[in-house]
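You will see two complexes here that share chain A, one where it goes with chain B and one where it goes with chain C.
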Partner chain A sequence: MDELTKMVRDYVIKEYLEEGDEREVTETTPLISGGIVDSFSMVSLKRFLERKCSIKIPDDDATPQAFDTVQSIVALVRRFQQVPV
Partner chain B sequence: MAFDDAVRNSYQADIQAIKAAGLFKEERYIHSPQHSEIEVEFPLGSGLRKCINVCANNYLGLSSHPDVIAAAHAGLDSRGYGMSSVRFICGTQDMHRELEHRLTAFLGAEDTLLFPSCMDANAGFFEACLNERDVMIADRLVHASIIDGMRLCKAMQDTFKHSDMEHLEEKLIEHQDKRLRMIVTDGVFSMDGDTAKLDRIVELAEKYNAMVFLDDSHATGFIGRTGRGTHEHCGVLGKIDVITTTLGKALGGASGGCVSGRRELVEMCRQRARPYLFSNAVAPVIVAGALKVMDLITASTDRRDKLEWNARYWRGLLKEAGFDIKEGDSPIVPVMLYDAKLAQDFARDLFDEGVYAVGFFFPVVPKGQARIRTQMSAAHEKHHLDSAIAAFRKVGRKHGILGLSKKELIAMCAV
Partner chain C sequence: MRNLPSYEELLSGLSWSLAERELGYQPGEPLNIGWMCSDRICRLGQADKLALIWEDYLGNEKRFTFDDLRVLSNTIASFLVELGIQPGERVCLFLDRVPELYIGFVGILKTGAVAQPLFSAFGDESLFVRLADAKTSAIITQKKHLHKVRKIREELPELRHIIVVDAGDSPLQAREVAFRMEQAPRVENFAVYPTTAESPSVLHYTSGTTGQPKGAQHVHYSIVSQYLTAKIVLDLRPDDTYWCNADPGWVTGTSYGIVGPWSNGITQVVLDSGFNAERWYEFLAKRRVTVWYSAPTAIRLLMKEGTDLPRKHDLSSLRYLASVGEPLNGEAVIWSEEAFGKPFHDTFWQTETGSIVITNFPGMPIKPGSMGKPFPGITATVLNPRTYEPVSQPGVAGLIALRPGWPSQFRYYWRNEAGFQAKFKNGWYLCGDRASLDADGYFWFMGRDDDVINTGGHLVGPFEIESALLEHPAVYESAAVAKPDPVNMEVVKAYVTLKRGYEPSPDLELEIMNRIRKRLSPLAMPQEIEFVDSLPKTRSGKIVRRILRCKEFHEPVGDLSTVMNE
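After this line comes the complex of A and B, so read on.
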C-alpha cells in the first residue's frame, strides 16, 4: 500500500468509524454505498484531501461515486495533483 | 411534455426498485383519534383492529386532550379556519404573537417565530442566518430536516461523530478561521433516544467562540425538571443561541414549529427564512389549541412526570424480558434487532398481537442497525405497558431472540 493510499485509508477509519466499529476498510470497500461515509459527511474528507495534498477538487468532481472507495479517492487525488492549483 | 408511457415506465421502475430493496412504505389507516389505544385498518379493506400505540410522538398525551380540543373549537369559532395569507402580508393574528411570547418564556429565549413545521424552521434557519464565511458543525445523527437546511445554506458544512466531544473540539479548532461557527445538534436524538451532551457543547462553544443550534423537537414539553427541554435537563437554560422545536409532537401534535432564540437571529428568520416568507401562517385553530397546551404544561408537571415513570417502567420491562435496548433516559426506547427483515417481521407480528410499532432500517438508521422504535406517552396507563410487553415477549420468543446479545442477534440473522 503506497503512502497516499495509506493516508486516505487511515483518515477514513479515524474520521468515520465509531469506537468499537470493527468493519474492515480495504482499498475497495464501498464507503458511501456501504454506509460507512454518508454523503453529508463527505465534505470533511474533501477538505482533508485538499489540505493534505495541496489540490483543489471542484464540487462537480466530488461525487459520491468518486469518493466511494479508497482506491477511487486516490485516483481522484492523483488526477488533480497534475492540475496546477 | 406529456406524461407518456416512457415517463410512466421510468417512475414505475423506480417504485419497483424501492419495493425490491424492501424500503416501500405503506400507510395504515387509523379510524380513531390519536391516543394510547387506536383503531387501525390494515391491510387496506380489512376490519378494524384495536391496538396499543407505542410509536406516536404523543409524548404528553395531549393530542386528543378535551381541553385542547375545546380551545381549538373556540379558536375556530372566534378567528376562523384559515388566514389565506403568509404572515407578513395579512396572516398574523394577535394569537400568533401571543403563542410566540408564550414559547419564548417557556424555552427561556429572547424571541420566537412560528413556522408551518419544525421541518420548515430547520430548512429556513441556516440560509437566513449564515453565509459562505461561516461553518456549521453538526452531530452526525441530526434529523434529516437539519441536513436539508444545511444543504440550502452557503456556509461550509462539517460534522462530528455522534456525541463525541473530542471530535467536536478538533473541528472547532480547525475552523477558527471562519467568521462564525455554529454547533448543530438535536436535544434528544429521534432514532436512538439518547440526549445530547449540551453542557459540554455549551462549554466548548464558549471556549471556541461558537453559537449553539438545538433542535429540541423530541424534548420540548417533557425533558428537564419542568419540561423546558434538553437545555434545562443539562443545566444550560438561556445559553442556547437557537432552539427549533415543534408543536407536532408533545405540544398537541397537530402541526407547526418555531425558531426560538437570540432576538437578532429570530429577526433574520422573519426577514429572510423562505419557508416563513412563502408559506401560510399556522392556522388559527392550531394556534388556539397550542395556547391551551402551553397553559396545561406550565400549570403542572404531572404529565411529564407520568411520562418519565412510564419510560422507566417500559425500559425495565424490556430489559427484564431479555431485549437488547439502547440505553438512555428519554421516552424513546429503541429495541435493537439489527436486521431489516427481522425488524419488519417483528413489527408485523406485534400488530397481529395488538401492538402498533414500526420497524426502522436503512436509510432511516445506519445499515445493520435495524430496530423497533418504541415511544412512551403520558397517555399510556400501566396496563397498556403490561399488555404491550406480553406481546413483545410472545413475538420475541417466536423469533428466538430473547436474551440474545448484539453479537448473537447479528450472527443469528446472518445464518
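After this line comes the complex of A and C, so read on.
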C-alpha cells in the first residue's frame, strides 16, 4: 500500500468509521454506499484531501462515485495532483 | 386505472371517514397502528404476501411476509413487555435501515408504548438531547452505535434498557441486553394493547429556530391520514412494489416507509445503502419497483449522473414517482420526464402534519416547480404575516397555514406547551414556510419563515449547532445560517469569532467541522466556516442571523435600525 493510499485509508478509519463498526476498511470497501461516509461528510473529507495534498477538487468532480472507495479517492487525488492549483 | 381520477372528483368524494371504513375502524373502538399494519392484513387473507424485501449494500437479501411481520412484531412486543415496558413509555429505535427497525416500530406500537425513532447518524450530543427530553425508557440499537449510547447513558437515569439486536458474543455492560429478532422464539399470539385513537403513538423530534429540538407527538388516529394519502397521493395499488428512500429516523420514513404502505397491504423494498446512482438504478430494475417516493436531493444527485445511466437499466416497471423534503425544482421534474418518461410529483408536509397536506396528485396537471394543491380534507392557505388573514391576491407571498383538525396532526410538543401554542395564530396552524398561491389554486414554495436550515430535506436548528460550536475551545461566538446549495437546496454555514490566542486556519476549520459532525450529525456539520472579527447584534446583544442569511442568499437585509454593529 503506497503512502497516499495509507493516508486516505487511515483518515477514513480514524474520522468516519463508527467506533463499534467492526468492518475492515480496504482499498475497495464501499464507503458511501456502505454507509461509512455520507454525502454530507464527503465535504470534510474533500477539505482534508485538498489541505493534505495541496490540490483543489472542483465540486462537480466530488461525486459520491468518486468518493466511494479509498481506491477511487486516491485516483481522484492523483488526477488533480497533476493540475496546477 | 389510478385509485381516483381527478382532483375535482377527489374534492367532492373524499373524506377521512372513507379511510376509517376501509380500515374497519369504528370511532370509539380500540385503534392500534401496529395491529392495523400486520394482524389486520393477515386477517384480510394476505398473510403470505411479502411485506418487506430488504437488501443491504452488499446485495444480501431478507424477505418477510405479512405473517412474518405479525409474528416478529409480536416477538419484539413480547420481549419489551417482559422487560417491563409500560404503555406510554418511550422506546427509541436507533438503528440503520435493518429489518429490526421496521418490524420493531410495529412491535413497539403493539405494546402501547411510544415509538421514538432517531436517525442513526446522530452523534452522541444529538442523541442525548432527544433521549433526555423524552425521558426514554429503552433504546433498541446495533453494536456499531452502542459506543454513542455508552457515552451518555450515565446522564440518562430513565434509560433502563439498552437492547442490542446484533450483540453476538460481544460483552455487554449494565442495562444492556441482547435480542436477536430472528433467533428469538416466535410469538404467535400477543395481546395487542388496546390503544385508542388519541393514544400517543410516535414521537418525532424536529428542529426550530430557538432552543433544542421539539418532540412532535402523534397518536394512533394518524393512520387514517397516512393510509388514505398513501393510497391516493402515492397511488398505491395491491400489486405494487414500493420503495421509499427515507430513513425511518425521520417522519417520512415512518409515515410512508412503514404505516402508509403496510396499512394498505403493500409490498415494500428497502435498500440499506448510502447513495450510489448505479446501485440505485440496479435496485429499481432488480426489484421491479412500481412506485418510488424519493427526495429532491437524491434526484439532483441522480441528475448529475445524466440520463444515459438510467437508460442502461430496465426501469419500465416504474409507474409513479413522488418526492418530498424540500421544493422540487422545475428542472428536476423535466429531467425525470427525460430519464424515466414520467415526472416526479412533489408532495409537501412536515413532521408536525404527520402526512402529506399539499401535493401534485395523479391525474392532476403538474406545473413544474409548484407544490400542487391541498389534499381533500385539508384546508390550506397563505396568510398575511402581519394580520394572519388569508392573502387574497394571487402571487403574493404569505405564510403557509392549515386549518387544524386533520387526523395525523401532531397533538402537542412533548413537554413544550409554549412552543406548541406559538404554532397557532388566528385559528390556523403555521407551517413555518412561505409560499404564494396562483390563480388556479396551486401553491408555490418560497422558503422558510424562520432561521431553520432545510438541508437535503431535513430541518436543522441553528441553536443546536451554535451550542455545539461554543463547546470548541477556540470558539468565542457563532451563528449558523443557511447557505444556498445546488444539490441540498441549503447547507449549514457557520460564522465564527475566535477567542484571544486562536488564529483562523484551514486546519482549525476542518477540526471544527469534524467535531460538529461527530457530536451532532453530518447534516448539522457546517459545510463552510467563515471566521469573522464580530457578528451582527442587536443593542441587547442578540446575534442577528437574518443579516448573515441574507448575505448568503444575496437578498436585501431590510431594516437595520435595531442592529448595533453593522
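Some observations on this one:
Everything that follows uses one rule, which is that the second predicted complex is superposed on the first by the 85 of 85 C-alpha atoms of A that agree within 3 Å, B and C clash if a C-alpha of one lies under 4 Å from a C-alpha of the other, contacts with A are read in each partner's own complex, and residues count from 1 in each chain.
Methods note: a residue touches a chain if its C-beta (ideal position, glycine included) is under 8 Å from a C-beta of that chain, and two chains touch if they have at least 3 such contacts.
Treat the numbers as computed from the prediction; the structure is a model and nothing was measured.
In the superposition on chain A, A:G34 makes contact with both chain B and chain C.
In the superposed pair of complexes, A:K6 makes contact with neither chain B nor chain C. With both structures placed on the common chain, the touch criterion links A:G20 to chain C but leaves chain B unconnected.
In the superposition on chain A, A:R78 contacts neither chain B nor chain C.
After overlaying the two complexes on the shared chain, residue contacts for A:K56 are found with neither chain B nor chain C. The larger set of touched chain A residues comes from C, when the choice is between chain B and chain C.
Legend: residue contacts after superposition of the two complexes on their common chain; A:V43 is shown touching both chain B and chain C.
In the superposition on chain A, A:P64 makes contact with chain C only, while chain B stays out of contact range.
In the superposition on chain A, the residues of chain A contacted by chain B and by chain C overlap at 18, 34-35, 38, 40-41, 43-44, 47. Listed in rising order, the residues of chain B touching chain A in the complex are 138, 140, 147, 150-151, 156-159, 161-162, 171, 362, 366-368.
On the chain A side of its complex with chain B, the touching residues are 18, 34-35, 38, 40-41, 43-44, 47.
Those residues of chain A lying in contact with chain C across their complex are 15, 18-22, 30, 32-35, 37-41, 43-44, 47-48, 51, 60, 63-65, 68.
Of all the residues in chain C, the ones that touch chain A in their complex are 57, 96, 121, 142-147, 272-279, 297, 301, 304-305, 455-456, 487-488, 491, 506-507, 509-510, 513-514, 517, 522-523, 525, 527.
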